[in-house]
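Shared between the two complexes below is chain A, which has chain B as its partner in the first and chain C in the second.
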Partner chain A sequence: MTQERLEMAKAEAASMEDNRGRNTVLAVIGLGVLIVVLALLNSIDSSKLRDAIALFAIWGIATVSLNLINGITGILSLGHHGFMLIGGYTTALLLLDPATKANIENSARSQMTDFTLGLGLQESFASWGLGFIATDGTLWVRFLIAILLGGLLSALVGLIVGFPSLRLRGDYLAIVTFGFGEIIRLLASTRVFAPFTNGALGFQGVPSEFGKSVWWTCGLLALTVAAIAKLKYSSFGRALLGIREDEIAAEAMGVDLAYHKVFAFALSAFFAGIAGGLWVSWLGGARLDFFLFQLTFFFLVSISVGGVGSITGVLLGTALVVFVRQYGDPLEQVYSLDTWVRFAGVVLLLAGAGLMLYRSANRTGRRLPKAANLWVVGSVLALVFLGLNTNYGALGQWLTQFGRGAYLWAALPLLLVASRTLLNPQKRFYLDLVAVLSFLGLVVVVGSVAGNTWATNLTLVPLALLIFLPSETSAKADVYWFGALGLIALLLGSVAIDLGVLQTTFRGFGIRAIFLSVLLTVTMIFRPEGILGRAEFSWAWLFNERRDKPNDEERAQDAWLSNPELNQQAAQEAS
Partner chain B sequence: MASQTQRAYIKWRNWLPGLLVLAILITIIWRISYLGQVSERFNAAFFIRAFTESFKLGSLYALIAIGYTLVYGIIRLINFAHGEVFMVGAFASYFLFSQTPYGLLTAFLMAATIAYGLMRVLELWRGSMTDPVVLAGGAVTVLVGTLILQSVSLPFIVAILFSMLVTGVLGILIDRIAYKPLRTAPRNSLLITAIAVSFFLQNFGLLTFTNRQTPYRPETNWNAPLTFNVGGNPVITNWLVAVIPVITIVLVVALTQFVNRTKLGRAMRASAQDAEVAQMMGVSVDKVIATTFLLGSILAAAGGAMWGLNFGSLNQPAVLGILPGIKAFAAAVIGGIGSLPGAVIGAMVIGFSENFLTAVFPRTSEFQGITEFKDTFAFVLLIVVLLVKPSGIVGEDLSEKV
Partner chain C sequence: MPLLEIDTISKSFGGLKATKDLSMHVNEGEIVSVIGPNGAGKTTLFNLITGVYTPDTGDIRFQDQSLVGRKPNEIVNLGVARTFQNLRLFMNLSVLDNVLISQHHNLKPNWLSAMLRLPAYRRAEREMRTQAIEKLAFFGPRLMSFRLHQPVYVLSYANRRRTEMARAMATGAKMLLLDEPSAGMNPKETAEITQIIRRMRDEGGYTILLVEHKMNLVGDISDRVVVLDYGEKIAEGNYRDVVSDPKVIEAYLGKKAEDDGQTGEVDV
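Let's turn to the complex of A and B:
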């Protein structure tokens, strides 16, 4: 009996070892594919795409580091923009070259002193006899030193900001971190720090070849993710997770709260400082209004929407936020009011359909299917595409203008789900595939709406049917309100185009931020743990293997295996 | 023996606030007498003016801070969006009195919120929101209101009253849409939602109101110039130094009476103590929370109108609400969050630290002054109070909540 169980356990352990080898191979292959994809994307002649990827990597570093506090340690921190400011200005100061220095000196409103102007690494190295790293060709060495120093300075401030976390909890701590972030920004413009920050003028001429480079930013992102993932699964990270789950219990288990919390803050601030250095490089300059609270808000959206505490989820959220920021700009242009009314109609219809799907999934007693998450992401992206499309009447034109980029973004989930379906030819995985495909279809449907022909408007009929078809699961009035208002808006925008009042033009100022804040609110209401929740990416998902939820029997087996007395007994019986 | 030292320690702690106030007073008197010798400019009139300005600013912050304190008292939420409610209040009154025609969308939104408020009032009479009379009344108000509001200009006082209605409805809607589904959620989720709502309102204002600085000049004599003599020197100011504190006092007294005397006010106090037990006793907690948001928003709307009148212009919507909001929040925390008098006292502390302190440490020939630091005072005070005495000046003991 015991022998049998021991054999079983050994077999399982062996199979896990097998998986480990397989996963290593897969990881290497995956990394290779990722590098090839990056190289391909990099070779496309589109500075917009390259900027978007670089920005994704930079904000990814900041978000993953904020996730260390917000998601893994469970302390809501709202001061990340302050840390980024410190790192950013340090990098900008250390990278001052003679030309920029002369520019600042000649400007009448410069507030910098000789001392702060002399901080540039190039001249310092030259005067210290380190001429070999003061040449133009070794700018990258100085850049690395600069962001490292920026990160360290930021970490030092992070230590200070971390100390209130020992006394305060919850929303009060959030307010204190917010206050620190704002104090850093407000103090930076006062006369105490103006010599370092050049006041409201800031710097121009930070070399942008690093922040705009896909390889530099993605490389540093990979390092950050590797470091934080390693940390998350170390004993230190498990202590942080313990603090998140229950502070008192963690303390009772011997976790040193003060050390862990403050160190988590400092580490997070360190990476935020590095992100700040890349951020000023991406922008080509440092100004105080590059470091508004808005920045932290974007990171907060990434974390909360992607998955609180999950590095994979957080990166997914960052991709979404960066996509909206970089590719949503057509939304903020001037269009006539009827376009906006139609836009509102599609938004309402999509919201109604989404709410209905959610309800029906809940009513039938099943958990929201995974496909629904993709559906949500899909409709979210579809909305953005609509904005991209508004100034291009025909579908074909839109596809040539933006389609390439759009399908690139959609290709990765499609590839994953397709490979998963091929590896596990069981019926239920078609659901995911169908979800991704319908999401792509939805993108096209929604994208074509703004063309405002009867043919394209007809494609919205399925959405309306989804809402209005009588079904037992959707019997709630607000869904019908969404549908009815959406249809009215669509009709108004399509039929009543000759109305005088709809001829006025209107600029969609701030729509991207509105979109993100609505997304955050909706996520908080329906899925507070984010789309991925706490799940991390795992190769096991591809093969549909069990990941981290053992059943009772397996738990008992684990307990038995970890019991030394029983183990000894089993060994004796075996021999 | 141990208890004796402890008692002495408690005594010392009890004396500390008094000593602190004494030290501040002595410093102020020393600075005033010292500055009097430095320059002719720093005479009694200078400090009287600084005092009245600080009092006015404190009253303004008090109007906003009460919204924070009311909401926190009942659902323990730092309503990050309250600064933006204040912003909407300021712009609503601007659109109602201004002469210049403004957009269709703004007029529609304004009319829709007024119609919603009207429908709620009609509901009390007819008993149902879907009653034909109520629906028709709402529809007519939306249509007529949208057409009329585009070109109408109301008297200032009427504009303020209507903006209170609009903002009150907004407050209720925020609670209903964003916060109510999260009543049982962790408090961090609620706070993140509040931040999201705040960003939504900022950018929604940017989208529908305007994206630039807006002059705020209603036809009213409330801000007529006022000059009086102190010790032979004229104090040049305007009547707002009296009007704003009077409005604040009237509204705060009315609110206190409402909370202390009416049935709904009693329900509010009961919910603040223990919402669950209050619900068991038959209090409709959702209604109480809606009332709280309504009252806070009404005061914020008054604050917004006074803010515009005081500064003569409104900053663009994305930034107008942030600093006043966060300072008022700091005021609520300093006074003791959850307490009405605390919010007023805290607001005065913030108002005086921001204005009177810069007057006591002005720019002289050998000292550059502290004006450029004044925005940081609120944050520093906030952090210090949270770390040293989280319950604030008069607040309840929050030790288990913080």
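Let's turn to the complex of A and C:
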């Protein structure tokens, strides 16, 4: 009996590794596609885009590593900016070149000593007879060594910070880690450490070719993600997840809490140190105000919005945050009030459409929403971006840049609806209606692309019809409210110039931060665990493999097991 | 030679004496039940053995090693694992992951070899999976196939209990402390769990100490029964003797009113 059970267990365990070969192939292909996409993006002649991608990767390293403590081990830590500072300053100090060194030496306010000025790797290597890595061409070797050392030093501090986590829990620990982060930043400016950090002056002229390079940053991000994902899906990662789920149970099942918590802190701090090195390089310098608590706040927003504990989700959240930070500047400029009203209308309509989508996905339990809903959202996006056309200054221009992509949005769902209507013999009335409306919408889109402003205003008619279209998914009062208010705002914004109202100007100061806060609030209300929740990307998604869903045979057996009427024999044995 | 020996332990919380000079032992291969009315100190006894609490006085020895002052995870390393009365599973993790976590403390390869998936780690991982499924197979097909990958929060209460028992078994412990293994189960499931506990001893070679309220289960499988009341041991022996012990009946049902020297009637 025991032997039989063991054989069965071996077979079952082996069957779990079935798809490994396929997944490896897919991973290689996926990585190849990613590299090609990155190369294409990199070839676009836009330093803004490259900066944004690099920043995404750098902050990605930081958020993924913070997620190891906050999401996977379940310890709220707020001191990540401190770890980044250590890695950043170490990198800056070790990359000091003779020119920068001379600058600092000549500065009257320099707080550095001869010893600390001599720590630069280039001169040290030259004096140790390692001239071959002291040349200008081998800066990348020194950079690698510098960020690695920065990471290790940071990990060491992480070990120390990890110890209070053994005695403290929850909010108290969060306060302590926050305190540690601030202590690190404040200590860096004291007389003891000023020789290493150059006090309030900091360092300038840190080589920025690494932090601004898409390949360097994304390569290191890939390494970080690989390391932490491999850890998460190993026995160690499971132990950390166990600590998150139930500390007492984990300990009662033999997990050494002290070791694992401190380990998580140290590993997370290591990657934070590397992110700090890249961050300093991205900024081209190291100053104490580059490492404010704000940094950790951005990471926390990324994690909370994307999905706590999910590496994929955290990267998604980081992408959102970095996008708002890097591309949100048109929002902070001066516009006339009617433009702002139009913008509010756009946001309301998008919120309504998003709510509709969310509801439909929730109700039907399907991953992909109905084609019709895709169409609605696509049309809303397309029309909204058209509605804010280039007549309305930089904001309009900015939006229409994205708006061009929105035509595709409108066309693709249209195709889906059409194909579904054709393929499905039992056509439903409203699908036909949607098809007709989408045709109308397309005419209007074409008209407005041709530059007819009347056509642009006509776009609002099908939009209104769509929002109020009684489909099964939009049948809730709040969606109507969003739609109605959004439309009113849009219409008001459109006619304001003719009526001569709302013509004063308003400067959107700090809108980016407000936008992030609203994003966070809305996510927390509708999905407290983040957009992706705990779900992690896996190839099984693509194939719709659900190991936790029974097939028909298994379902029948399950019913047989739990229903005594079907299972007379077992019932008799039991009684 | 007893596997677990409890030597006059006491534990009080403030003024409340949860355990008073309790001594008992469990021999290897035995199934011993601890029974007693609510608040008798049964769960406290489990918490004392597994290191959640430290006894004020006395000693607990497992295979001649003292458990007093050790952390819960060290006690699991020595070979004593437990289940919880009010279920403490890792709710968002799958059944399989739950049973794998409890084997983590036996893992030899270090974190770096786990991260790099070195052959030694892969072997250990495969072995852990086999062990996990083997333990889950004690419960028949109930936790097999698709259930292995379901998060625990979707399971029925009975299946959660089974998962917790499998998790405790997978620690590799010699001795299992089961805190009300049949709580929340219907009679049929209780009968099944009774069989399984017996098989855990016979086939798995575990020594079992259990707390239970269902007397038919206790009577069915116990080699010995220990009765606690107000933290003290009031009886010990085989089931038949113990349940007919007047002290035990008194603890459960109370004394007749006239024995207390009071009258049953109330003056109006």
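One rule holds in what follows: the second predicted complex is superposed on the first by the 356 of 575 C-alpha atoms of A that agree within 3 Å, B and C clash if a C-alpha of one lies under 4 Å from a C-alpha of the other, contacts with A are read in each partner's own complex, and residues count from 1 in each chain.
In this text, a residue touches a chain if its C-beta (ideal position, glycine included) is under 8 Å from a C-beta of that chain, and two chains touch if they have at least 3 such contacts.
Because the structure is predicted, anything quoted here is derived from the model rather than measured.
Judged by the touch definition given at the top, the superposed model places A:L520 against chain B, while chain C stays out of reach.
In the superposed model, A:V255 lies in contact with chain C only, and not with chain B. Of the two partner chains placed by superposition, only chain C is touched by A:M8; chain B is not. Once chain A of one complex is fitted onto chain A of the other, the partner contacts of A:G242 are limited to chain C, with no touch recorded for chain B.
When the two complexes are overlaid on their common chain A, residue A:P164 makes contact with chain B while staying clear of chain C. Applying the stated contact rule after C-alpha superposition, one finds that A:D329 touches neither chain B nor chain C.
The interface of chain A with chain B does not overlap its interface with chain C at any residue. On chain A, the positions that touch chain B within their shared complex are 76, 78, 164, 167-172, 174-176, 179-180, 182-183, 186-187, 189-191, 293-294, 297, 300-301, 304, 337, 501, 504, 506, 508-511, 513-514, 516-518, 520-521, 524-525, 528.
Those residues of chain C that touch chain A in the shared complex are 50, 52, 71-73, 76-77, 81-82, 84, 88-94, 97, 100-107, 111, 114-117, 121, 124-126, 128-134, 137-138, 140-142, 144-151, 154, 156, 167-168, 171, 187-188, 191-192, 203-204. Taken in their complex, chain A has these residues touching chain C: 1-2, 5-6, 8-10, 12-14, 16, 227, 230-231, 234-236, 238-239, 241-242, 245-246, 248-257, 263, 534, 547-551, 554, 557, 561-562, 564, 571, 574-575.
Residues of chain B touching chain A in their complex: 77-78, 103-105, 177-178, 181-182, 185-189, 191-193, 195-197, 199-200, 202-204, 206-207, 211, 318, 322, 326, 329, 333, 368, 372-373, 375-376, 379-380, 382-383, 386-387, 390, 402.
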